[in-house]
Structure formats: C-alpha cells, structure tokens
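Listed below are the structures to be examined.
Common to both upcoming complexes is chain A, partnered first by chain B, then by chain C.
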Partner chain A sequence: MTSVQARGLNCPNCGAAIQLRSFQFAASVVCDSCLATLDASDANVAVLQTFEKTMARARPLIPLGSRGTWKGDPWDVIGFQVRQITVDGINYRWQEYLLFNPFRGFRYLSEYDGHWNDIIAVRGIPEGGSVSGHPTATWRDTTFKLFQTSSATTVFALGEFPWMLNVGDVVTVKDHVAPPFLLSAEETDEEVTWSLGEYVSGERIRAAFKVTEPFPSARGTFANQPNPLAGTPARYWQAFVMLAVALLVLVGLRLGTAGGRLASAVDGVFHPGVATDKAPFVTDPFTLAGPTSNVVITSSATVDGSWLFVGMTLVNDSTGQVIDVGREVSYYHGVDEGESWSEGSRSDDVRLGAVPAGRWFMRIELDGPDAGRDIDWRIEVRRDQPGLIWWFAAFVLLIVPPVIVSLRSAAFETTRWAESDFAPASSDDSDDSSSSDSDD
Partner chain B sequence: MTGVQTSCPNCGATIEFRWAQAVQTTCEYCRSVLVRHDLDLTKVGTSTVVPLTPSPIQLGTEGRWHDRDFVVVGRLVYRWERGGWSEWHCRFSDDTSGWLSDAQADYVMSRPATPDRPLPSSDDVSPGDTFPHGGERFVLASITMASYVGTEGELPFAYAPSGLVPFADARSTAGNFATIDYSETPPLLFVGEPVELRQLELRNLRTFEGW
Partner chain C sequence: MTLPRGYLAFGVVVLIGAAVLEYRGFTFASAQQSNGDPRSIRNNPGSYRSTYYGTRSTYGK
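Right after this comes the complex of A and B.
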C-alpha cells in the first residue's frame, strides 16, 4: 500500500492554510493565524470555537513542527497548550507540548517556571492508599504521595490534538510525587486518565529539539524535582558510622599501648619510718624530643590502705625552666555492712601541657606513712601522650558533614512541600494557612 | 493460510482470502460487505468508506505476540462522540483470533474470554465499578457509546450494524485490560493487555510521508 500522505486543510474561519503533522490522528486543530479551534476529524472542518482573548498569545518555547530525538525515537512537536490553576486567588500557568510519532503514539513535555517533565500516559489504574495519614497512589511498586489537587483550565492552545480540545476545558488534576517522578490523575465527569512524568532538565530538551533560544532557568523547587541530596545523608551517616568505629578502634589501640614514648623511668622502695626515704633526690637527665607537646607522668605505688605523696620538679638542664607538680597515690578498701568499697587508685596520671623539648631531669621528694608495709613505687615520664580531647574533636569533625547534609536535604524537602496542599502550618507563611481548606 | 480466491458477486473483482475460514469480508473495490457460505459470497450490505485511520497497522501486517505469529486479516472501525478506534482482527498461528485495539496510538491486544460470573448489565455500570475475572479485580475506567462505522477485510462473524452500543473499558491493578461489549446479549468480554508496537515485532507496516 502507499504511504500515508500528509494532510492539509484551510481554516474555515480565516482561510489560512493548515498543514496537519499528525495525519488522521488529529481530531482538533487550532489555527495558527486566527486561533480558532477546528474539527479536524471530518472533511468539512467545522469551527468548534473562535478565539476569545482571555490572555495574550502565548509563544511556545519549542516551536511547533520541531522534530527531535527523544528517548531513542524521533518525535514531532504538534500541539501546545497553556493550562492554569488558581490557588488562593493567584493564577499559576504552565505549558504542555504534545509530541507525536506515528509508530510510537503520543507523549507530552510540560514546563513550569523553568522546570520540565517528560510525560507518558499510564495504561492502568494506580492503587490509592495512605501512608501515615497522607494520601498516596501506588503504581508499579512505587508509592507516590499526594502533592496537590487542583482544577486545571486550558487557557490557550495551538496546533493539533488527538482529542476534541476546547479552550476552557476544565479537569481536576491530582498530582502525586515520588521524585523524580510525578503521577497525575486527570478527572472529568467521564473518565480518569493517569500519566507519569519524569523530571528532566530543560537543557536536555532544548538540545534534543535543537532550540536556539535559551529556556527560562528553573526557579524555586518543583513538586517532583529530585532532591540534589537524595540519598546523600544516608551515605554520609554510613561513612560516619564506619569512621567513628575506626576512630574508636584507634583510641582503644592508643590507650591500650599507653601511648606516648617513655622518656624516663625511676623506681624504688619507700620504707615507712625511714627518714632518708623522705629525702629529695634527682634523677638521671633524660631527653624530651620533638616539638613542644605534653608530658604525662605516671606515679604508681603498691599502696594498700595507705598513701604515698610524690613531689616532682621537672628541671630543664639548659634553660633552667622549672615545672612543679605534687601527686598523691592512695588506695583504701574494705567491707562495710556487707558491702565492699574501695577508694583511690594505685596509679596516678598527671598531664603537663606544652613542655619544650630539651634535656631535663627531675627532683623527686617522697612522703608517706611512718608505719606500715614497704611501698614499691615507680615513676614514668612519657612524651606526646595523645589527649582524649583531640579524639573527641575528631569525632565532632566527623559528625559535622552528615549533620549538615541532613539539614540541607530536609530544607529542600521543606521548600518542596511548602507549595503543596500539605504545607506545614508555618509561622512566617501565613498566606499558606488557607491552602489546604479551599481547593475547589 | 492464503490462496483461497473467489470473486465479488457485486462487481466481479477478485477476492483473495488471507484467512481461509473467514465468515465475512468486504470487497476492496466496491465496498460490498460479503458473507460467505463455503465459497459462495452473498452481499449483505455496503460498508462506508473506512475512514483512513492514522494507524501504522494495515491488512497484511504480520507480527508476534506471546510466542505466536499472527497476521492482520480484518478490521472493525468504531466511532464515538470524540473520535474513533479500530479493532484489528488478528489470526494467530494456533488458529485463534485476537483483536488489536488501536485508539490514537494506544494499543491493546485482547482475546474473547468467558466471564467468571455474569457481567453487569449495560444500564447498571458506571466508572469505578469493579468486577472480578481470572483472579484479578477489574475497575471500570470509562463507558463509551460507540457505533460501528465500517469494516475491512475478513472477520470471524457476520457483523450486523446495531446503532450506538455501550463499551465498558476496565483495567486491573496488574495493568491488564478488559472490555465489555454490549452489542450482544449477554454481553461479550474481551481480556487483554496493553502493548507497544515495538513489542509485536511487526512487519509490513504502513509508511508515513516524512517518517
């Protein structure tokens, strides 16, 4: 059989020639010259509607007749309409482009404030439901949350449509979102039709249809615009948990090996009642290396129901700098009324901050009880002991990125839902408070 | 499947059957609707010129659906208030019939089905009603008053025009389609699934100027 020929007609209203791009698919066509709506379905082309100037002539961003390659197939732009909803007395308008391919049928592109959707008909009925009281619609295992119910009116049209389009046609639109997808039900008295939109960048569409003029840039947050941080908080928290565990392991290892480098150690026995054991003495000189950092002195003593006071003076051999510190090691324990108790410890740590490098020695003076058992003691000097404060700081640094992305992601969702029927009643947005109770 | 030839009792043109068991055909030249008794054809009426619906499908288009080859041998054309659609009669390699419904590039392949239980009567249906079939719940999406406006090719029955008839379209949540055709009593049920042309591996499609 021969090829289906392109079809032309003359507008019965103004006489202009009209070339039909969708062959016999066209049911109605809007004359580009006089904007009358015509019945393209029979040979006698009746005027369905003449143009009533309710708004200025709208100019499609993608010229009618453009052919582009979209999702792997060629598509012609054959129809254009502007639709309007009114919320709280304010008119919001968006554009819809009808695409045609004789072997693939129809699809739509929509544009609002620089936000684009690629839309196909859903051939089935999504299942209604609700999640935590929020109405939903489920289609092919994806659950969409109801975003907005509105009454959409066609206020301007150009080109061909496979249905009898009339300017002034009103449908009830229920938009459900699961970014980047948008599931919409359009209801008339006769039927409900569902469509599935996917958020796409205007630049992709502009390139596909070779439009030379720039598209308006996207403003605000659109209902099904993907959250740029979608999934990011979860990934950040996962990374945080892994790093925090690693940090804890490191802390454990560091503390387990007591950390730091041993610079000096001295030990001896304190004999209670022996006066010479209370006489001061000096240690051998030792070297504290590296940059100025901390020194930890650990005093341990085999005290048991007794105490040992350790007076220490660190002396820098070359500069004469002196650091004094006195510590008491004491340990008591017993049983009182059947309950065992203990107090103190056989070991004591003292941290000295910012000790310069150099040759040092220590002057030590012990004091203890005048009676009782002998006390073995040991004093260790360690350099560069990692402080827990730094571990804690590291932990805080680790937690900052996930907290920030979580807050930013939540802020994006707040701006998305602020435009919906389900906007939280916020104090700074008093004009939103009535949006949920009047959407007729 | 092909090769059976006879001639039109009205104009004498050669009529070649694509499907040997066809009950009705329409003469391509004089548009006489012919009902067949063995090889004798009786003119029962004249089909209006079938409006050239914009389909890439045509008589003789071949394809494959659920691992069975089919060939398009006939067509019924319906018109309703806001448009029209075609039901393409497909003969499958297992000698059964299916109908490829073609409405503005929306395609559904369906087959006659025996209802699980009596279907609702035509004055008792409205959109949103449900009925079960084959373990699925079908929801009525729309009821369309349509009339038969033409025929082409070979059909498995002698189709009698009957004025405006309700057609109830239903969909299941699993995505299957059903149509209740009220042209007969009790009504007929067709059950099928939406298809895209690329799934059907079609050959011998119509071509379109500029495409």
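Right after this comes the complex of A and C.
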C-alpha cells in the first residue's frame, strides 16, 4: 500500500494541529477544531474564513483520514463537505467525500439519502444535444438525459481541498443521467467542471473503508439508481413471443386435426297447436367415437317472431350416463320508430364438455307457441369440435407476466423522474418528507 | 439475452394445460345446460322477457 506522509501545521485561528495529506495539492483546509477555512498554499496559513454556524456540525459517515482500497487503488479520505440545494423552500443536502491518491489524483464519493456515487472528473467537454426535445449531454458514446438544474451551496466542510473552498460557495449544477451513471456540470462565472458519477452500493464503500458503523439505508429512488428491472421487460416479451408462436402452432394443430364429425342428425316439423308434437321421442342410437372429447349440439328452427324450446337428454346406451340440455331457439325482428331491430337466432349451439365415447341416443322434447306457422327444426350432434376459449385463456395467462414486469419497470422510472425538472405534472411535491433536511 | 426461465416454465405449463382442456373437450359450463328456463316459458310464455313484454306480441301465447 502506498505510504502517504502528512504535512503538519497549526491552525492560526485556534492553534489546533492540522495534517495535510495531499501535499502541494492542498489549496485550502478546514480546521477540524474551529472549522475555520485556511489557505493551505500560504506558508503562513492565512485564515480565509471563520466558521459561521448555519447548521449543526455534520459528522462524516467515513471518518477523515480513513484509508481504503477502492477499485484496486488505495485512497485516503481527506475532505468532506455538505452541499445543499433548495427547492420550494425545502433544503436537500448531500455529503461529498474527497479521496486522494498521490498517483491517481482525486475522486469523490457522494451520499444522499443512503444512495452513493463514485465520482471522477471528466477531462473533456461532453456534447450537448436533445432527444425528442429533452436536453442531453453525450460523453463517450453515452447519451445522458438532463435530470435537474439547481444551485448548490456548500454549507459545511472539513479537511483539505485542492481548490479555495469557502462555505457558502454557490455553483449551478446540471445533472444528466444514464443509469447507473450521472454526468454533472458545475458552473461558476469562471468555469464549467464536468464529472462522471457511478451509482455504487453503500455497503461496498463501507467495506472498502472499513467503516464499522452502518450506513443509512437508501430511501426513495435516486437519479441514476439502476432500474432493478432494466432489460427484464424485453426478455419477458421475447419469451412471450416464443410462447405465443407455440400457442399458434398448437391452435393450428388442433384446427387441423379436430374431428368435428357429424354423429347424429334428426329433423322434423313442429305444428303449433298439435299436442302430439310436444310429446317426447327418442332418436336412433349413434356412436361418439374417439377419446373423451366435446360434443356440440346445434338446434336450428325456422322460427320467425316465434320460439321453439328444445329439451334434450343425451343418454349413454351402455353406462346409462345422462346429460340434460335445455335450449331455446327464438328469433324476433321488426321496426320500431323507423329503426329495425332483431333479437335471437334461428340456430343455437351448445357445447358439452368431456363426453365419453360410446353409443348414445337422445330423448327430445319440443315445445313452442300454441298458434302460428309450422316450424321446421333440425338437431345435429357433432363430435370433437375445436374451440378457442382455452387458447384464449392461455393467451391471457401468458401475457399477464410481461405486462406486470413492464408496468413495474415503468413505475420505477416514473418514481425516478418524479424528482426531476421533468416530472409529470401529477407527481409534483411528492416524497418531500423522505429527502429533505431541516436547518438544525 | 437470458430468457426468464420461470416464466418460460409457467408458459409451457399453461400451453400444456390449455391443450389438455381443449383436446379433452372441457367446457366452463356444466353438463346441465340451459339457455333459458323452459318451465317458465311453458308455464307463463311471453313474460320471461320483461324488457319487451307488451311491446312485441310474438312471444307465443
């Protein structure tokens, strides 16, 4: 591990000992004792700013002076600052930790509401643009969408910094997101500094810097927090397409192989007013072949402004199994107030499920109006007619999971953007209590 | 791209189930099927469609 020798000095404001770990890079240092900001580049260590209490002393989650191995290199925590933006009168604060490695330079860790980012400076200028009217910045082939523009104020600091830090410094921050990355521009009147952050787990940082106290748990959804379902909807929809194709193949096979054979047909004429026509009668036996399958009975009648009730009892000649079916064939039509109408049909289908094979016959009983025209009727029994209801039910079941996954993924993105400058109109003022800090 | 195995397994079960139900000829309806109430038709024809009662005179007697 690299050994970093610290340079010592005394605070001219309170006399406390101060260690400088970043050698000549330190431009300013904040006394840990009296919180005065000192000019570290000055041999006499002039006091740049004395501490004015604007908030309670903040305690870094990672103590200053901690050393940890992060992404393969040793880093010292040398600076700590609390920054704040104010939106609608509510202060939102986050912490930034300045890390130093004499061979690697500086990098930052930021923490807000338990969400951590590992941040490095960008050497270059990202290219601005827009996608569908949304401002963007492109850096190394990655397009970042503008998330928020705000004025950030440094409200508390500790340790040393490679710039002349003053509590109260204000910069304009423009955050662009392409999860898990965050591209930020910090603008002052003199310069624009770009940095690239990557969302990282707090536990990983805690382990790297050997912090014993637990970090606060992440609350809410952060700007560049990776969507846990990112890419999942696409995988589900791809699987759905495969299953839907399989479903279509099965439907095709069914339609191509289903019997739909006519097993029995009987017809006659119903004479209204003739009592004997209402007497039950029995058909000749017929065979339902093949494995257990459905039976479709079609009743048709030349009803016209009339009705015919068809009572059918399907009887298994061998086992005595009985299936009762009562159907009505009725058809009415006319014109009311110049508008034609009709109701019913001259034909009726009924599907009987799981009817075993064997010899069957039917007991038929007809009933109809006591007056009117004769009604020609016909009853057909078909075996193994293909249907679509189960395939449709399967389709619904198959499409539910990808729809749910897609909705959950979209909900996460909605939550993310609710905190941005581009929040949907209905999501304003949401989640204020979870992310704000008070001026204590 | 890794496909969601759980969903694929679920889908295969659904397809097999649908195929069995279709080939075996199961229906939602019970064996005792009726699309009307025949006894009321016979006992009181013309009154079982209260919506149209009195406006159309062709429901039988």
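The rule is simple: the second predicted complex is superposed on the first by the 299 of 440 C-alpha atoms of A that agree within 3 Å, B and C clash if a C-alpha of one lies under 4 Å from a C-alpha of the other, contacts with A are read in each partner's own complex, and residues count from 1 in each chain.
One rule holds in what follows: contacts are C-beta pairs under 8 Å (C-beta built on N, C-alpha and C of every residue); 3 or more make two chains touch, one makes a residue touch a chain.
This structure is a prediction, so every number in the text was calculated from the model and none was measured.
Colleague: Answer with first, second, both or neither: which of chain B and chain C does A:G305 touch in the superposed model?
Modeller: Only chain C; A:G305 stays clear of chain B.
Colleague: In the three-chain superposition, say which chain, chain B or chain C, touches more residues of chain A.
Modeller: Touched residues of chain A are more numerous for C.
Colleague: So, A:R235: does it touch chain B (first), chain C (second), both, or neither?
Modeller: A:R235 sits against chain C, while chain B stays out of touch.
Colleague: With the two structures laid over each other on chain A, which partner does A:L250 touch: chain B (first), chain C (second), both, or neither?
Modeller: The answer is second: A:L250 touches chain C but not chain B.
Colleague: Which partner chains sit in contact with A:A263 here, chain B, chain C, both or neither? Use first/second/both/neither.
Modeller: Neither partner.
Colleague: Which partner does A:I125 reach: the first (chain B), the second (chain C), both, or neither?
Modeller: Once the two structures are laid over each other on A, A:I125 reaches chain B alone.
Colleague: Would you sort A:A393 into first (chain B), second (chain C), both or neither based on which partner it touches?
Modeller: second
Colleague: Quick one: classify A:V355 as touching chain B (first), chain C (second), both or neither.
Modeller: So A:V355 only meets chain C here.
Colleague: Could you give the residue numbers on chain A that contact chain B in one complex and chain C in the other?
Modeller: none
Colleague: Hey, which residues of chain A end up touching chain B in the complex?
Modeller: 1, 3-6, 22-25, 27, 41, 74, 101-106, 121, 123-125, 127, 140, 162-164, 190-192
Colleague: Touching residues of chain B toward chain A in the complex: what are they?
Modeller: 51-54, 56, 58, 82-84, 104-106, 127, 139, 141-142, 171-175, 177, 194, 196-198, 205-211
Colleague: Flag every residue of chain C that touches chain A in the complex, lowest number first.
Modeller: Per the stated touch rule, the residues are 1-4, 7-8, 10-12, 14-15, 17-19, 21-29, 31-36, 38, 41-42, 45, 52, 55-56, 58-61.
Colleague: Tell me, which parts of chain A touch chain C in their complex?
Modeller: 231-232, 234-236, 238-240, 242-243, 246-247, 250, 254, 291-295, 305-307, 309, 311, 323-328, 332, 334, 336, 343, 348, 350-355, 367-371, 384, 386-387, 389-391, 393-394, 397-398, 401-402
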